[in-house]
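Have a look at the structure below before the remarks.
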């Protein structure tokens, strides 16, 4: 079977997790793709750690407000009924458990629920930004990542080798191969995205993956370029 | 209320002295006191310690630079305390080359440290960073069997912040996500200089809508260049 | 945004269950959720733990009673945590007679404890209370050779608070000194019920002027009796 | 010499301490009298711990706003350019050293700078309210008190016997006999209000009082009932 990296599958699957009224923080990069797949009848509240509740869609070119950005620095907007606050309030909301879900990109994630995404020593030091608080404080932490690095090595590990962003805080990993729950120091495959199979995933991942009894085969209908078939 | 002096950007920047610690508001350049930053760039005061959420943007390929990145480029800082330097390749380069000391702090911890500095707290216990490199050298305290890091307050000699509007007494109102660290830093520095887009008469701001009470602000600077 | 249910005072009071901890906003009766307090008085739910800044006014000579003092009079509380009971002779009487347990907490510490509860902190270090009875049984931590008390966060099962205005999503705006502990308590309880004088459409409150973000509020109650 | 209790002298003397622009918190009771003696050309900012910067004069009967009170619960007003904030911000301001002066009433104050004003065990338990934070956080703490209890015993002590509000935080004591600075575990008499004399004060106070070399004899021109002579 040939692996074709597909971020859109990840975004679309994660978008299906949320229910109306839930408060969600989407990290920079891959997680921001999730927005475009939120079903129209699901009304979630996007929190952004730079101080906004009710982040709206990116403004049209030319109608940006330079006082409204998202946490990645891109132009943002606010929904009707949203509000702004300072960074201490924002992280009070995050650390205090008032955000239901955070979706973060990772460099590595391991079967103990550890996550590394803020530096590669000696090479790349973007810093943790809000990621450490988000992983620690949010009710459900979802790691969103392509299953494999460009080198072909899985980002899902037995044990992270990079400096950790948080210890044992990841609840769920969604890759372009499937949905994994982190329980009892093991990845538990809950959904397998066709055409991949549980056996193929296990064979290509250097981590302990338990296939749940009720593991479902799922077809997610997006192309790597974001177009629906 | 007392009327606060409105000073020139150059005068404002000149009040930041060599070797001092400097808080700079803003988040990825949004809500950044760019007029004062530009004046400080002209003066070139060195050996400062920078406390800021992030070091804005410096793309070494395209040459794009925003906000406080202008000051990092000319190496005004011996040390930088920030949560995120991912959009500033020059900061990362200086850090990896050992040219500038960079301390990376979780964003919520940094915000709370600045708040604690302003609010007279000796520190606070946060779950953030437990089990990571951030915990190195820090005291761990168990509360109800759960481990927390003891984080200490942060203060600075000077804070330069950016608001949308001030009245002449120095009450500040921020706009949108340009608020971010600005109101926190206003409480935590010995000298606070606020760059504002608009200065209105005392009484024109509803007392329920003030984000930063006037007593925190020492000087006002009229913003001259919203973009930098 | 999601529209929050507007419930009756009786429904609101009925959600407070026997034995629960209850935060009540207000400062000397100002910003007190009197409509819900009155409904709770009717129901008479017992064995509650009250967390509040002060126990309002109860003058045993004149019979004057305000705010939460109505609930103390009928002994709904097994324990009261407050900073000031000086204007409520009945609370003092119950305390001195051993009828009700009263824990006196410095006001700034109480405010910070509630904030810490809402903000996910494990505690904080305050200089307040060092060398006094307040320090009894508490851990003392030295920071830069100065002693601080480690104070722990406070949370509650239910908070009843009072705002001037809400939009239908539950964003709140407070007025004047009626703000006090209300926005803090909104962050620190599992169930938050806001009594408001006015309910406006979503979008009618400027997002820069919101004091309590809607996500903290579970139910709205229309204020029926501003005075009690 | 006959002692006639005179709160007004205390209020008037304290009112002369402040300079324009300084931030002052006045406690409940005697300290609130200070307001009426602030010189017209001195523009101080009154902070009240219930969440107000720029407390104004008490409103006229009938024009009270029930949403604006002072920390004692009395109807209040806000000056042009003042603002409101919540209790955490208010005590951040106080604890953080952003208030220049706090003036508090006392039950006892001692020569080590200790202060007791929140309870008499078994008898009276009003609680400390904001007093502990105010004494700990404010730059200069002024104890304002009649020199003697009704029993004739001085409220100025060698050592407080009541539970302390704060340890060694009092900088200055202003009574109706004089102004005392607290330094090196002694009261230092800086001003003596006529007709009392330093010797008379020392003889009637069970505490160590050092008369400063530059101690001044001062006449403060108010009657016990608040009227100026």
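A, B, C and D label the chains in the order they appear, each numbered from 1.
Convention: a contact is a pair of C-beta atoms (placed from the backbone, for glycine too) under 8 Å apart; a residue touches a chain by one contact, two chains touch by 3 or more.
Just so it is clear, the model here is predicted, and its values are computed rather than measured.
In summary, the chains found to touch both chain B and chain D are C. Chain B and chain C, compared by their mean Cα positions, are separated by 33 Å. Computed from the mean C-alpha positions, the centre of chain A lies at a distance of 29 Å from the centre of chain B. Between chain A and chain D the centroid-to-centroid distance comes to 57 Å (mean Cα coordinates, whole Å).
Each of residues 112, 115, 119-121, 126-127, 174-176, 179, 207-208, 211 in chain B touches at least two other chains. In chain D, the residues touching two or more other chains are 78, 84-85, 88, 91, 94-95, 137.
Chain contact topology: the protein chains form a pattern that is neither a line, a ring, a star nor a complete graph.
Under the contact rule stated at the top, the pairs of chains that touch are A-B, A-C, B-C, B-D, C-D. Across the complex, chain B is touched by residues 20-21, 23, 43, 45, 47, 53-54, 78-85, 88, 91-98, 137 of chain D.
Of all the residues in chain C, the ones that touch chain B in their complex are 112, 116, 119-127, 139, 141, 143, 146, 148, 150, 152, 173-176, 179, 207-209, 211. Partner chain C is touched in their complex by these residues of chain D: 48-52, 65-69, 71-73, 76, 78, 84-88, 90-91, 94-95, 118-119, 122-133, 136-137, 163-168.
Contact residues on chain C toward chain D in their complex (touch as defined above): 27-31, 53-54, 57, 82-87, 92, 95-96, 102, 104, 106-112, 114-115, 126-134, 164, 174-184, 211, 226-227. Across the complex, chain D is touched by residues 1-2, 115, 117-121, 167, 169, 171, 187, 202-203, 205, 207-208, 210, 213-216 of chain B.
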